[in-house]
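Have a look at these structures, which come just after this line.
Below are two complexes that have subunit A in common, paired first with subunit B and then with subunit C.
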Partner chain A sequence: MQFKQILNFKKNTSSLILGVFLLLTAVAGHAQEAIGEAETAEVAHQEEAFNPADAIIEHISDSHSWHLWGHTSLALPVILYTDKGLETFSSGKFGHGEEAYTGKYYTYKLEKNKVKVVDEGGNVNEEASKKLLDFSFTKNVASLWLSIIIILVIFLSVASSYKKRVGKAPKGLQSFIEPIIVFIRDEIAKPNIGYKYQRYMPLLLTFFFFILINNLLGLVPLFPGGANVTGNIAVTFVLATITLLVTNFSANRYYWKHIFLPGTPKWLYPIMWPVEIIGIFSKPIALMIRLFANITAGHIIVLALISIIFVFKSVAVAPAPVLFVVFMDVIELLVALLQAYIFTLLSALFIGSAIEEHHH
Partner chain B sequence: MELVTPDLGFVVWTTVAFVILLVILRIFAWKPILGAIAERERSIEDALSKAELAKEEMAKLTSENEQLLKQARNERDQILKEAKALKDQIVSEAKVSAQTEGNKLIEKAKLEINSQKVAALDDIKNQVSALSLEIAEKILRKQFEDPAKQQALVNDLLNEVKLN
Partner chain C sequence: MIGSIAAIGAGLSAIGAGIGIGQIGGKAVEGIARQPEAASKIQAAMIIAAALVEGAALFGVVVSFLSIR
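Coming up: the complex of A and B.
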């Protein structure tokens, strides 16, 4: 009994330390961002009044450059697939987003952070712009690859320590990761998928850690964090599509029978089929929207609170929003973990329901 | 609206990145990690069940040993008892045989003594009779050296016969 208490105490202490550490990083980060924004706001003030809605949308949207500090930004490569061929150039060519750049085939200009084709007069050519496929290495793409490098570094090192310490107790990072992996296996995969769980473990683990690391990176306001990757609908769309494909490709005949020959009277089939087919897609769509909305909403709230300072144009009001921001960041830490867990859990649940054996 | 419209470029980038991540992790991370965890769990399970088995074996051995010991003790007691009985029997048998042998010898001796005594008495008798005859002869010879005496005796004897 006493031993148990000691264990709990130890657990609590380590999580407390982690929490305090993350809190401090968050506070420091937001302070930094506030300073950066203050400068931009000053510049903006000279031109026009501060518009919090635009500022927030700009922060949670993708960008062709990565804002580092003050007026310094990292120019990222622009990769365009036009109807005439591939075109690559640095986004630095756009200046601070105001200048037009003439490439091999067209002249391009940034409009609301989107690359558009413009004619000589500087007017947007909507028709040509529609044909433009933008595969640019944007801020989100850069952050995505960064998160992948972080994940690979973590898990390849953990895997190597498993190879080095065969049959021994886990140590260091390995002992931090192992309970999470065992949790996903025993609490998410096994109860929801059943005895075939091993096939889906790699996908579920990758989902969980990919979402978690990206959520946490998104909470760090400084470079190299701050990109809104898991709060971007494209990312959640891809993840949900993978769940959709895996669910339907591993589905057994009971799943399809339930969709096309449900236990309702036959004359109801014309009504049931559309409902069931919508059901196939509504589940992953719910997944997509849940993750996107949760993460984006968190970012919007934090940015809105920070914007209060600029709306009032006073440092005196700053303590109150900063306090709320800290509070929100702590909640966002929970949400980051929770959303990773929920996405993984629901994916497991959908896969499990598609491969479930029915014994009639 | 722009916020909720998936951008094609980013969709492609995410798909490529995620698939690469999934493949690399699946081969180089999840397989060894999950394998090692499962292996460790199995070995722990094995070790526990083996320990349990060893404990059972131990208990069995101990009880077996005890049984063996008990059996050995019983056997020893029995052997001792048997040996004692045998010894007693042998001793008593020996006693009985010795007694009878002794008795037989005594009987034999007695018979011998008797026969010897009879023989000796016979011998003495013979010798006494021989001696007596000799003495009698000698006396008679002495007495009948005189023929007158002989005549007198014959006359006596004849007289006696006539009377009859």
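Coming up: the complex of A and C.
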């Protein structure tokens, strides 16, 4: 009974979150429309030399607005914690990143997609900018919420259909998800963790589907996708930190004995301890860098190929890069799946090595 | 100047990973050819090893990427 209540609570919360998200986007989008129209006339004389490196960095990094189409973009809220207090406003106030906005405490301006404090003359005040803490609801955060909603919708419906159809064959979405869950259980959890695998299944499944869905959303170039969430080092850092904590908190005494009392001569201990302690941290760091670099590198390659068209400023060269981009995108689909698999597999491997029973 | 040296670094790490993953893939195919029934196990081991090699290469790429700025 209690569990059912929790499930209902989750459903209500997820629909609430969806509602808030849609409301936010609707309000912000409305605010942006007027600016979008005014801006179109100005574009004609903005033809500068195209710099592929800057364009690529802009596309793979986080941003305060979410590009929709043409010159329309979704303005996301900016939340700043200044030394004088909290300040919130829509990023639509920055225009297309060129205008300054005077808030309650300071005047702000976007400098390379980062909010900076400026004085009356429009010069960046570095000292005040350093005290600024930016908690904004950025593109990556919005995309993160979107993927959370997708995951909740999929898995709450699958979970409820398991409750309804106990002992019967799977149906609908359930029959699409079940083989993947069974694959993770039989190919990742059981061989690497051992008989205690059940405790870690929720974690591994969450890792797998969270990374997979965010990778796939990142490959979609249009609005609901387009944010580079798993290619953001902060996101992969948190994921790797979870692995680090779970590994070390579920570790048994053989794991710690291997680190502090390894089977080497005693006079080697001063050398072995630092090595082993670095070993604890280097494994999650490798996880972090691997996911971040794979996804970022894929996006950079696709964007670099697209940039070729703009560098040559000709439609005639377009077919070749477009063909390559389609080819790269197919490879990226494989990479999206493979990186989710690898991250889950290596997490299972690390956890498994920490809870392994002693045997010689 | 710094940018082009960083590009050389990225290229070198790509060469290293290419050699490594090439070896892994070649040996895995050899192993599967000898023992087709062990294909799934060999594949799993191959992917783990390839991911580890790739990780080392990506460290190189990330360092050169950071040094551009």
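Convention: the second predicted complex is superposed on the first by the 311 of 360 C-alpha atoms of A that agree within 3 Å, B and C clash if a C-alpha of one lies under 4 Å from a C-alpha of the other, contacts with A are read in each partner's own complex, and residues count from 1 in each chain.
By our rule, contacts are C-beta pairs under 8 Å (C-beta built on N, C-alpha and C of every residue); 3 or more make two chains touch, one makes a residue touch a chain.
On a predicted model such as this, the values are computed, not experimentally measured, just so you know.
J.: Just to be sure I read the superposition right, which of the two partners does A:143 touch: subunit B = first, subunit C = second, or both, or neither?
T.: Neither partner.
J.: Classify the contacts of A:344 with the two partner chains as first (subunit B alone), second (subunit C alone), both, or neither.
T.: A:344 contacts neither subunit B nor subunit C.
J.: With the two complexes superposed on chain A, say which partner A:238 touches: subunit B (first), subunit C (second), both, or neither.
T.: In the superposition, A:238 touches subunit B alone.
J.: Tell me the contact category for A:214 with respect to subunit B and subunit C: first, second, both or neither.
T.: Once the two structures are laid over each other on A, A:214 reaches no partner at all.
J.: Determine, under the contact definition given at the top, whether A:187 touches first (subunit B), second (subunit C), both, or neither.
T.: Only subunit C; A:187 stays clear of subunit B.
J.: Which partner does A:202 reach: the first (subunit B), the second (subunit C), both, or neither?
T.: first
J.: Report the partner of subunit A that touches more of its residues: subunit B or subunit C.
T.: Looking at subunit B versus subunit C, the one contacting more residues of subunit A is B.
J.: For A:290, using the defined touch cut-off, is the partner it touches subunit B, subunit C, both, or neither? Pick first, second, both or neither.
T.: second
J.: Name the residues of subunit A shared by its contacts with subunit B and its contacts with subunit C.
T.: In subunit A, positions 292 sit in both the subunit B and subunit C interfaces.
J.: Going by the contact rule at the top, pick out the subunit C residues touching subunit A in the complex.
T.: So the residues of subunit C in touch with subunit A come to 44, 47-48, 51-52, 54-55, 58-59, 61-62, 68.
J.: Which residues of subunit A touch subunit B in the complex?
T.: 57, 60-62, 79, 112, 133-138, 140-141, 144-145, 148, 151-152, 155-156, 158-159, 162-163, 166-167, 177-178, 181-182, 185, 198, 201-203, 205-206, 210, 232-235, 237-239, 242, 292, 296
J.: Show me the residue ranges of subunit B that touch subunit A in the complex, using the header's touch definition.
T.: Where subunit B meets subunit A, its residues are 2-15, 17-18, 20-22, 24-26, 28-34, 36-37, 39-40, 43.
J.: Write out the stretch or stretches of subunit A touching subunit C in their complex.
T.: 53, 187, 286, 289-290, 292-294, 297, 338, 341-342, 345-346, 349
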